[in-house]
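Read through the structures below before going on.
Each of the two complexes below includes chain A, the first together with chain B, the second together with chain C.
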Partner chain A sequence: MSGVCREVLINEMKRLLDIISSIGFSKGKPGLGLKNDRLDISEREAIQKELSLKTSLDENLRIFKLFSGPSPDIIVRELKFGQAKVRTAIIHVDTLADTALIEGLIGTLSVDPFQTPVGEVHKREIFREYKERLLRSSKAKEAETFTDMWQGLINGNTAIIFDGMAKALICETQAHIGRSIEEPATETVIRGAREGFVENAETNIALIRKRLKTPNLWVKKFIIGHLTQTDVSVLYIKGLAGEELISEVYRRINSIEMDAVIESGNIEDMIEDNPFAIFPLVFRTERIDRVVSMLLEGRVCIITDGTPFVMVVPMNFPMLLQAPDDYYEKVPIGSFLRILRFVAFTASIILPGTYVGIITFHHELIPTELLLRLTAAKEGVPFPVVFEVFMMELVFEFLREAGVRLPKAIGSAVTIVGALVLGEAAMRAGLVSAPVVIIVSFTAIASFTVPTFSFGIAARLIRFIFIILGGVLGLFGIQFGLLVMLVLLSGLRSFGYPFLSPIAPLIISDWKDLYFRVWRWADVTRPKLEGGREPIREKRGQEPRPDKQNEGRNETYGNQKDENPRKDK
Partner chain B sequence: MGTRKTKTQEKISNRQLLFIVFIIRATLIIATLPVLTTGHAAQNAWISSIITMIASIVVIIAISALSLKFPKMTIIEYSKVLLGKTGGTIMSLGFLWLFLHIAATDTRIYSEVLADGFLTSTPLVVTAGTIVAVSALAVYLGIEVIGRAADVLMPVIISFFVLSIVASLSLFDLKNLEPVFAGGITPVISGTVTPIGISVQFLSLGLLIPTLTEPEKAVSTSAVAAFLAGLALIVTSVIVVGALGERLSSSAIFPLFKTSRSTVFTRFLERLEAPGIAAWGLGLFIDVSTFLYCGSKGLSEVLGVEDYRPLVIPMAVIWITLSLHTYDDLFELLRLFRPETFFPYVSIVGFIPVLILWGAYIIKASSGKLHGLQKHK
Partner chain C sequence: MRPAGILIAMAIVSMIVGGCWDRREPEELIAALAIGFDIDDEGLYDVVIQYSNPSTITGAEGGGQGGSETESGGGQTRTFWTYSAKGRTPFEAIRNLAPEVTRLTTLSHIQILLISEKLARHGIGPIVDLYERNMELRPSVISVVVEGDLKHCLDMDLPLEIIPATGLARLFRLIASERSMLTNGKFLDKIILLGRPGQEVTITRLQVLGESGDQKGNGTQHTGSPSPPVRVHGGSAFRGEKMVGWLDIDESRGWNWIMGKVRRGPMLIPVPERNSIITLDLIGSKSVVTPVIKGKDISIRLEIKACSRIEDETNLDGKIEKIDFGDPDIIRMLREGFSKDVREKTEIALARAKDLKADIFGFGNLVYRKHPKVWKDWAGDNWGEIFENIEVEIDIETKISRPGLIMSPGIHH
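Our next item is the complex of A and B:
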């Protein structure tokens, strides 16, 4: 027993001594502390942060070995360049860097050797000469610390270290890995662009730039997560987005301190206004056209590397029910579809609860014949209707979740099993009544019309609350629930902007794009964001009129009119 | 004063105030139609409505114009300025009691309607409790939220109201409105007393006007709201009497609902009072939350508490209790609304204090003592 104890004690003391020595000696022999295997990650990072490049190449390479470990994907090549045969190391990370580009880089360095003799005194000159030369072919910048150099390497760049220089040259050699641009799976449209965002943030920014060519599209990059070092870029149109909004976004992103960012959801968690809100307070999308149109409204978008989901702030409630097609389709159809979606969304929240409420409390509200039918269908079902609806909704949620998780091939099988076996059999066995199955299926269909997935999930959750309210207090309970929802939603803000605008606070001028969408020529003003600028989007009076539209044609028509017998007199 | 330093920056727009005042005024008046049910106006209820409208506009202008003399102060604060600390506090407590009492009565009436027609076996405490709970939640989130909720609910309430009125049109018969002025002016006046008394509700403006974005327009905003609510009252009384006849409608407790209940369009469309009741419920939510806000905000100022929010939940609990225990049943409640009891009551607690405040203001303003105090934040 005591032997074990002593061992633990000795080990611990050794560890402490190691740490002390690693910190103490790091001044004399830099990076030596990293040899210690007992250092925890934060201790390692503290040492790494202080390491700067040394003059001697050998020492640099030795430190680098300690810095990044014996990982085989980090490739270090030692070469000699120039007349003076200056020893040089070329470092890159395999597959992140493009090999062909590195070959080109080496080529640039080796051909046309300098005329100047190289000695100790002139090493600085070599560095400058090489830098200028490399600038001709690719981006190059200097790094003075190992951490900076690593930043470059990990982004697919190549570092070049010369003997005798305490600096490294970082040259752009990124290879493009990742999937190709595809149509987003979650937001499909009938009419509209098929391109969606990908996982690579730089590609995503380029995709936005391709559609928004103004130089006033500004990008600011942050690096979040001290382990993942994820790029988080903030995009906005300078002069259109409110400066207060931009600085608020900066402030919130800057205040994030965490070790890892896996998906944009991690950032969202840190920057949203109210963590308890069921509805999303940050808009996320995979579609480039939506992001572009929102940037044009003076909003700010946040692109996180590693995920195709781009966040847009501030958001409001109607954005969740607008599909991109609405804007591309003819106005009457687009508006009709949108109203349909509002109705379907409302139904998907309150329909089951209302059914439960009416059946339980308000028989007198149902016309007699319908009531008779419903009662006949319910005959023999051993459960109260609230339980029946609740269970069926729950089963449906299981099915939907299973459908999402399973591989696509099996997913459809689950749906068939769910629909046929569960629904049909439960009804035959007299466990649920047919109207309940109809209500649940109708609700499910209605909930699929919501174009934003995150919003649909929120609706699912609320539906269960409404079922219980309907079962406890009838229609009064539904009213109560709606009021609570209204109050909570009215209190929500997204980056300081009311979530329910333009419904509450009422902004009549923005109703042109709420339930109805007006024609593009009538949509002359941008949505009214407080602090948003440049309210006028286009000049007024561009509506197509039959006479105006035919101006050009009338002339040709007029030329023919002598020969044309069809002209009416 | 500590309260002034931490005064919240929450603002409501004038449009939202208009909606709130309209909803407060319209819901109770339309649901119970006191022009018809409290006095003896009978088929001349619509004339009573016109008088009521004019009188309530006068009341609302009197209250809002006084508040405008002190645009940054609530009625609680400026009554202290005008009448001294003791006098101001006594008067403020009277106002606060009125808010509490009126809203508790509103809650009780609505709970009774629900218990009567929809939730027959649910105890009153549950319905009253849920109404007050959601209002307390809104008050807790602030006056901005109430304003926004009014923005959303206004169109809903209006459309439900129009639906009820249109549905009743099928029964409308102009002969029911005759003879005009059958009993002289006295019965007509008797019908106006209670609804004018109810306009003591407008005292809540004294706490709402300081939160306005454009307080200088407060008088016109509130007068427009009172005018619109008056119009709604006139339309309703004409339609109800025209549809039901004076005897049937005077004896009904909720004449408008009785009217829409009697309407049958087809076999499928019956029981059309449901939208009316729903509109009332939505309006009641705005009504109760506004009064709860005014009550707790006012009380916090009387007590010198910095934030009104800690007072919301205790107030809400008192509210529920009060709404249940003040009256034994609906008829006792309706007896309160008799002209001979109701008007003296609200005059003593509400109208006369306002007159006193005006008097004090005129005296102090003419002697120049108020200089510099009015713009004091």
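Our next item is the complex of A and C:
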């Protein structure tokens, strides 16, 4: 026992000594501290941050070896530049960089800017000469530290180091790897673009730029996560998005200090207003058209590299129930669908709870014939209604979760088992009454109409609360739950903007795009809060109507003769 | 305790205190579908309640999804059960049922309230009081006065219906009111009328037709067509809380004419010169009643407007004869016949009401509302006598509003 203790102690002391010596050592010969295998990640990073490029190529390469380790995918190619035979190294990361482009770079290095051998004085000029005259690369950056150089390398660029220069030249050689652009799986539309975001942030920005060609679409890039070093870009339309909103987004993103960003959800956790809210306070989508339309409303979008889910802030409640189709369909149909969705969403939250409440407390509310039916169906079922509904909802949640997790090929098996075994058999065995199965299935279908998946999950969670409330306190409990929910919802804020925005605070002018939508020619203003800087979107009175100039004249559409002279005018 | 804690505690307490009371699983309850009140010779109230047998509901209509196997096991099970109990008050009688019924009774789903003739003549005051005060009993129920055995009325098999109570309710709600043959209305309306000066109550009359013991037993239908066990037959006239007499079909039709409540119904116009009867189908009616006061003399002006369409012509020899309803003479003749019929029924009803000294038309109430001073000074105190001798001037305007497109019946010439 004590032997083990002593061993640990000795090890620890050795480690400390190593650290002290490595730091001391690095003063004389920088970077060599990294040789120590016992360094923890934070200690390694601290040393790495300090390292800057040296004049000697050999030393640079030696430090780099220690800097990035013996990883075989980091390729260092040494060569001699031109006839002057200046020693040069080209560094890139395999497959992240495009080999053809690197070969082009090597080609440029074979040209000699000076015929004579170069002394110390000329070496600096070589660098400049090469960069300004010979380099064939769309982007060229200088890096003075190893960290900066690494930053370039890891994005697929290539670093060129000349002997005698304490600088690296970062040249653009990115290779595009990743998924091709596909239709997003979670947000399908009947009419509308089939393109969705991909995992590559730069592609995503390009996709937005393709649809929003104004030079006023500004992008600000952050790097978050000292291990993952993930690109997080903030996009907004300069002059449309509120400056306070932009600086608030910057502030919140800047204040993030963490080691890794795996998905935009990690960032969402760090920047959302209320971590305890069940409803999402940051909008996320895979659809380009949605992001573009939200940018046009004066919102700010946050693109995280490595995920197709783009976040948009500020968010409000109606956004969660708006589907892109609403705007692409005809107005009456789009509005109908939206109202339908509001109804379905409400039903998906309170229907099971209401059923439980009414059947256990308020028999007199049920029409007589229906009550007889329900009683007959319940006859012989051994469980209380609350338990029955709760269990069935739980089973349904199991099914749904299983359906998401399982491979698609087996997914259908789950459906069959769920529908047949659980529904039919449970009913036949008299464990569950038929109306409960109907209610649960209806609720499930209703919850699928919610276009935003994250919102659907929130509804699923709240549903269980309402089942318990309905079972314990009846309709009064449902009423109470709704009230509490409303109070909580109206207290929520997304980046300072009220969550229930056009409803509470009441902004009548924004109701044109709440429960229904109006025609595009009538939708002349931006949302008051988010797009308040430039409220007018377009000119009024653009509704299609007959040509006023020619009103009253006996003109028909088929009459081509009359139309020509008018065009000439 | 911090203020937040107090707030949360207050919220929870208010939820529990104010929350809904008495959680009951549906199978613990049994819904009463019909309630009948009778009184025996000793003055004990006799209550009859009809329950449906919940387990037969799905099976009986053949659908029975899912759990039908366990439920429809015995095809011969009864679809309903009728219980009765006695008590010194109506409520005690209802509570006296409890020891015999295995489930908790809910009264809120009662479809029809039956009152026996005996109780009606004794006075419906206690029933009204019970209905006004009780939480579960709904005054909006359909009410009838039963002529005949009340228990038998709830124990019979009603053709086409699984449960007599719902069947009876449907009979009154749809069929009877559509045919304008009764003095229909909810019990609530009767309660309201009871409190009105110068107006008496009428309640529909349900006649039990003879005892047929073989119909008792199971809830399934017989193969032969048994004669219907009950029928709606006019109404009953009350004076105050006590019933004073029956109104037959013609009298209640007349009552409907005066109240402007006629909606549908056949009307026969005999045409001797054509040796036929022309059937009119009523479409609607309207009535305006105005009390006319001249000194100490009150009379009533009654304007009735009625509308009908031509249904058919029934030749007594079974022939088809050409008739042109576009002919104004024929239409005039029909209108005259129509008016005569309406006048006859109205006069019958008036005579019967005067006979019973029951102002079931609410003439007195009209005087009370339009001439409150007259009512207060002298008319109110002896309205009974005034009503007995009141003169009613009847003005009838009839219309054949839809003679139809068939000018002559479809025979080949």
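In this section, the second predicted complex is superposed on the first by the 522 of 569 C-alpha atoms of A that agree within 3 Å, B and C clash if a C-alpha of one lies under 4 Å from a C-alpha of the other, contacts with A are read in each partner's own complex, and residues count from 1 in each chain.
One rule holds for everything that comes next: a contact is a pair of C-beta atoms (placed from the backbone, for glycine too) under 8 Å apart; a residue touches a chain by one contact, two chains touch by 3 or more.
If you're wondering where the values come from, they're calculated on a predicted model, not measured in any experiment.
When both complexes are superposed on chain A, chain B and chain C end up clashing with one another.
Once the two complexes are laid over each other on the shared chain, residue contacts for A:P215 go to neither chain B nor chain C. By the document's definition of touching, of the two partners only chain C reaches A:S433; chain B does not.
Legend: residue contacts after superposition of the two complexes on their common chain; A:F361 is shown touching both chain B and chain C.
In the superposition on chain A, contact of A:G474 is made with both chain B and chain C.
By the touch criterion stated above, A:A377 is placed in contact with chain C alone, chain B being left untouched. Once chain A of one complex is fitted onto chain A of the other, the partner contacts of A:V487 are limited to chain B, with no touch recorded for chain C.
When both complexes are overlaid on chain A, the residue A:L500 reaches chain B alone and has no touch with chain C. Of the two partners, chain B and chain C, it is C that touches more residues of chain A. Once both structures are laid onto chain A, the chain B stretch out of 8-16, 26-34 or 116-124 that overlaps chain C is 116-124. Shared interface residues of chain A (contacting chain B in one complex, chain C in the other): 361-362, 364, 369, 473-477, 480. Across the interface of their complex, chain C is touched by residues 357, 359-364, 368-369, 371-381, 384-385, 424, 427-428, 430, 433-434, 437, 471-477, 480 of chain A. Per the touch definition, chain A reaches chain B in the complex via residues 361-362, 364-365, 367, 369, 473-477, 479-480, 483-484, 486-488, 490-491, 498, 500, 503-506. Within the complex formed with chain A, the residues of chain B that make contact are 13, 15-16, 114, 118-119, 122, 126-127, 130-131, 134, 137-138, 141-142, 144-145, 147-149, 151-153, 267-268, 270-271, 274, 278, 281-282, 285. By the touch rule above, chain C contacts chain A in their complex via residues 15-16, 18-27, 29-31, 33, 52, 54-58, 65-67, 69-71, 106, 108-109, 111, 136, 138, 166.
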